[in-house]
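Below is one structure; the comments refer to it alone.
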Amino acid sequence: MLPITNFQPPFRITRASHVAITAKDLAASRDFYRDVIGLVVTEETDDAVYLRGLEEAAHHSLTLYQEKGEEAKALYIGLRVQRDEDIVSAENFFKANGIDYRRVEKPHQGPTIEFRDPVGTHIELTSSMTTVERKMQDFDEFVAGAPQRIDHFQVVSYDVQAATDFWAGLGMRLAEYTAKDGTDELWGSWMEVKGNTHDLVFTNGRGPRLHHFAYTVPDGISLLHAADVAGARGFGEEIDRGPGRHGISNALFLYLRDPDQHRVELFTTHYQFIDLEDEPIRWDISDARRAQLWGMPASRRWFFEASEFPDEPVLEPLLTAAPSTLEDYLQLH
Amino acid sequence: MLPITNFQPPFRITRASHVAITAKDLAASRDFYRDVIGLVVTEETDDAVYLRGLEEAAHHSLTLYQEKGEEAKALYIGLRVQRDEDIVSAENFFKANGIDYRRVEKPHQGPTIEFRDPVGTHIELTSSMTTVERKMQDFDEFVAGAPQRIDHFQVVSYDVQAATDFWAGLGMRLAEYTAKDGTDELWGSWMEVKGNTHDLVFTNGRGPRLHHFAYTVPDGISLLHAADVAGARGFGEEIDRGPGRHGISNALFLYLRDPDQHRVELFTTHYQFIDLEDEPIRWDISDARRAQLWGMPASRRWFFEASEFPDEPVLEPLLTAAPSTLEDYLQLH
Amino acid sequence: MLPITNFQPPFRITRASHVAITAKDLAASRDFYRDVIGLVVTEETDDAVYLRGLEEAAHHSLTLYQEKGEEAKALYIGLRVQRDEDIVSAENFFKANGIDYRRVEKPHQGPTIEFRDPVGTHIELTSSMTTVERKMQDFDEFVAGAPQRIDHFQVVSYDVQAATDFWAGLGMRLAEYTAKDGTDELWGSWMEVKGNTHDLVFTNGRGPRLHHFAYTVPDGISLLHAADVAGARGFGEEIDRGPGRHGISNALFLYLRDPDQHRVELFTTHYQFIDLEDEPIRWDISDARRAQLWGMPASRRWFFEASEFPDEPVLEPLLTAAPSTLEDYLQLH
Amino acid sequence: MLPITNFQPPFRITRASHVAITAKDLAASRDFYRDVIGLVVTEETDDAVYLRGLEEAAHHSLTLYQEKGEEAKALYIGLRVQRDEDIVSAENFFKANGIDYRRVEKPHQGPTIEFRDPVGTHIELTSSMTTVERKMQDFDEFVAGAPQRIDHFQVVSYDVQAATDFWAGLGMRLAEYTAKDGTDELWGSWMEVKGNTHDLVFTNGRGPRLHHFAYTVPDGISLLHAADVAGARGFGEEIDRGPGRHGISNALFLYLRDPDQHRVELFTTHYQFIDLEDEPIRWDISDARRAQLWGMPASRRWFFEASEFPDEPVLEPLLTAAPSTLEDYLQLH
């Protein structure tokens, strides 16, 4: 698979850090993320709500913006770079490689740029945020899943190989991947930069679309409690997968849909992936255990629904499967 | 609903206590219940394996017998009566009411009788068992779900009302029930004798068939660990429902199928139901929350498959629903 | 030990049901039990606060009364009898045995009487309560330990044998006990009536004093979360024992002191104790494992502090130990 | 406090990776770490046992060597560097700074060097290990605490400031620290390199001595189960602290002593610490919450006992406290 080399990436990405989505009813979405998921509201403005996990010192890891059009969208996924200088290095890299980008001013963020990766994923890079209080010891304010921090993003892409190549070139390391049996056809890639299995995941399908963003929770009981709270607050049918255990990454997961049908995952963190001698793990797409080690399959909603990015055409996947096996093939995490 | 009266039952049933099923491969089933569920093997003979939960002092709560025919069966569900005298009282009651029964000799059991209830459920009553060591503090021997004790049985019956009337007459108290909206048509009854919501459950359908027997586990983590162990041991697809939360009885549940497709439930116990002023809770069958407070519906297997009793004809249910709503109606716990 | 007989108690006690204590600052104590323990406030009046566990349908299991004197007191522990007729039977029994009692009118309770047992414990018996909504499925309102229901009381007594004999005569069954090595000197007795190991516990010491009352919690995580919440709300030093595991009854426990130093236990329930062939378990007082299976010993506060009953003299224990071993001996649960 | 600079460390340390200790009875210690802690035995030789956590692909994170002298010792703590070239860079750095080191051949390790830091801590650096199977999905083999991976080391040092300065110079970042009230006197430092709060901790006292090494566990239930298993296997009194919650790092912890009184911590991981704008958290040593957010203080054993390194003199701490406050001051995590 991808060779581990000693190359230095053009700038240093440190972690998945934030995501922005739109909501048709901002108050309803705020209530969902605060009361059903358990995030902390850092700040509200007329057209935006900034939220964060309980342990996060960064001002926001999720921003909800008022949607003024017909359909709620995923605006961008955000990554951190280590220093302000990395933003400059990123600009130089994008210029040199003919990638459009623009500097943007964002409240509570340091130097920030926006760009689209080669498969159309909308990305924001920033080097710092205003710090606020970590709430991780305010145990009396823990609600629902008690989400601790944002962890990763999963994007449905029409060309997983192109996406993977691009991000590998920026220093992301492949931890696990799915490929068509007996071939190198890449159907899903789990790539990381922070020392565990994934910060950014691409899976094969109509894209680009944001499949989900994920927060860590303290333990399996928190997952079950989040599900119970979802049921108590009328979102019991908005669980479209789980609780279950993925083979890939070994995550214990629960997926919920917000009032605009954006999907959020709660999960109990993954294994450490730091040592360079560790090879990425390959899963054949015929191996059902990659998707789940036990239990019933995901719902059709989980397989086929995801959030589009604004003004970004959704393309048919380059790799396709015979219709009879489509669902099986799509069982990518 | 059923009035609470001061009547004295003809003999005193104290709890759900044991169940016997057949297995076509006795060793495989023993391994399943010991390694995937976590029961303790008390004793093995040439054609039987006796198992119990970790806290149980009684010799067995599950007995596996070698099946010599084509199809594995549920042999009987077992209830405890308080004293040897209660067995005599039961005999007198059965004689007086024209119910066939017979005294049987069972290893490690006190006085024991077998009979069939009016809807054909095979029942065994006994007043005591040989006591063995409680293993509840041998924490280093806990495996999988760490099941503590047998708790209840669920039987699919063609006439839930008749079953409920019979067992109410023996002192079982209705804790919760399902009924067709706007009517008194009884579709499911949860009846108890030990001070929590159920020892014996009847749900509407082709019967009599044993839907499942249930063991308590210490907590939700034990449920998840049991599922993980099932996955690791090749039984990941034999989870046909859960983890989930029933509305009825508030149980946090997981259902697994054994090598002969008998179904066992692991769950985290129920609420106390002792005070006589507490009315039974009614659920309309149109209320999906009775079956689960959140998550995806059960599999078809869970709805339609159950274990038959030997030589006992399976009858079509007296109450039926339009085919289009059949699955909904059958979502009884 | 105590023989298991077929005797019928003079009236039928069904469970530990409620407790009343005084508080010097009623609002502070209400906040403690609601926010740090997690009980539900059913009702507040000028001089009383009524609380219950999340699954309880009974109006109150804990009542806080305004203390007008110098020192907060335990007023009484409350037991349920099955029917109104049992209250009458109890009166007859007390008259016949020369035990003082009185009928009292209590809000939201059926027929109620008060009396003192032979070792001075203040007791209330009632046959019913106003029913209110069970909150066990309002998961979004769960707080701290998420206590489900009241379970048992522990009383320090100067004469454990006398207390045990009295309550055995009322139908309470001994599940476990501690005795001086090589003798029948009874140092602690765990007695039950609801089918698990204890509703009422007596341990040797200056008494009568209420050592603690106990609520069940769903799992060990709830215990840890209750401790975390106690820390976050400034009650971190008011944990005077645990989390730990008692040998006796196998309880996983946490003890906290309220603003008046009354002690409340949270624990994850016990094992079933229904079958009459089960003998009570004896623990020698020299066996440290009776008190805890692991971890550091309890604090001195836990050993020596307890709540007095009003106008009830506290007597020195009849059984005493050499000073050097006093603490060891007192390590009764 | 320590400024965050853009300096490049002379070589790149990636994580706490392994530890070696001696055991007077190798089989007894192997049994302890395998059965009471739950580690996996990778390999045994005549005089060594190699163990690892369940998710670890590296050949060993704990090595037990046969002690031939009178007293069991801590041999060294091991850190990973990223590449073989980092070992060469480290050698160059040590030469340039007059620090003794030596290349050693170690089974299943890549290029490896040993050295002592300025406060006498014995250290091993290596760049790779033989990879073996991750056992994290062999759930049916999970035992006791189900430890997933080694996480950090805590060393008692006579000069915390000197130790901190040295390791900061090698790229370790200060996440939290304790200092004497109103001064900059450094009493404890929590330093990290892998993106959460600590890989290496120094606390003030007689040193150098290894206070403990730590493994992560999946959740709080695993901590409680490890304690229960310790009790069941006769190590119940070898828990010298916890379960409890540290203020520093927010760790939910349990400490156990092995048969030679080496101390191992199990804990549920810490918060993410990646962003450079996050300042280290200061705790005054007068603040008891730094040591624990709730519960009873640690035992004297926990405060005063630790493992010496061979042939390394133990020095009195440079910073001392009045005897009356010694215990308080020593309550460093």
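Should a chain be cited, it is by its letter among A, B, C and D, assigned in written order, with residues numbered from 1 in that chain.
By definition in this document, a residue touches a chain if its C-beta (ideal position, glycine included) is under 8 Å from a C-beta of that chain, and two chains touch if they have at least 3 such contacts.
Since the model is a prediction, treat every value here as computed from it, not as a measurement.
Visitor: Could you find the chain whose CA centre sits the greatest distance from that of subunit B?
Guide: The most remote chain is D.
Visitor: So using the touch definition from the top, which pair is joined by more C-beta contacts, A-D or A-B?
Guide: A-D
Visitor: Approximately how many whole Å separate the CA-defined centres of subunit A and subunit C?
Guide: 50
Visitor: Between subunit A and subunit D, tell me the centre distance in angstrom, where each centre is the average of that chain's C-alpha atoms.
Guide: 33
Visitor: Would you kindly tell me how far, in whole Å, the mean C-alpha position of subunit B lies from that of subunit A?
Guide: Their C-alpha centroids are separated by 43 Å.
Visitor: Counting only residues that touch at least 2 other chains, which ones in subunit A make the list?
Guide: Each of 137, 219-221, 228, 231-232, 293 in subunit A touches at least two other chains.
Visitor: So in the complex, which bits of subunit A are touching subunit C?
Guide: Residue positions touching the partner: 35, 137-144, 219, 221, 225, 228-229, 231-233.
Visitor: Okay, in this complex, where on subunit D does subunit A touch?
Guide: 6, 14-15, 55, 57-58, 80, 82-83, 85, 128-129, 131, 134, 136-137, 148-149, 194-195, 218-221, 247, 250, 268-269, 271-272, 274-279, 293
Visitor: Would you mind writing out the residues of subunit A in touch with subunit B in their complex?
Guide: 219-221, 224, 227-228, 230-232, 235-237, 239-243, 245, 252, 289, 292-296, 299
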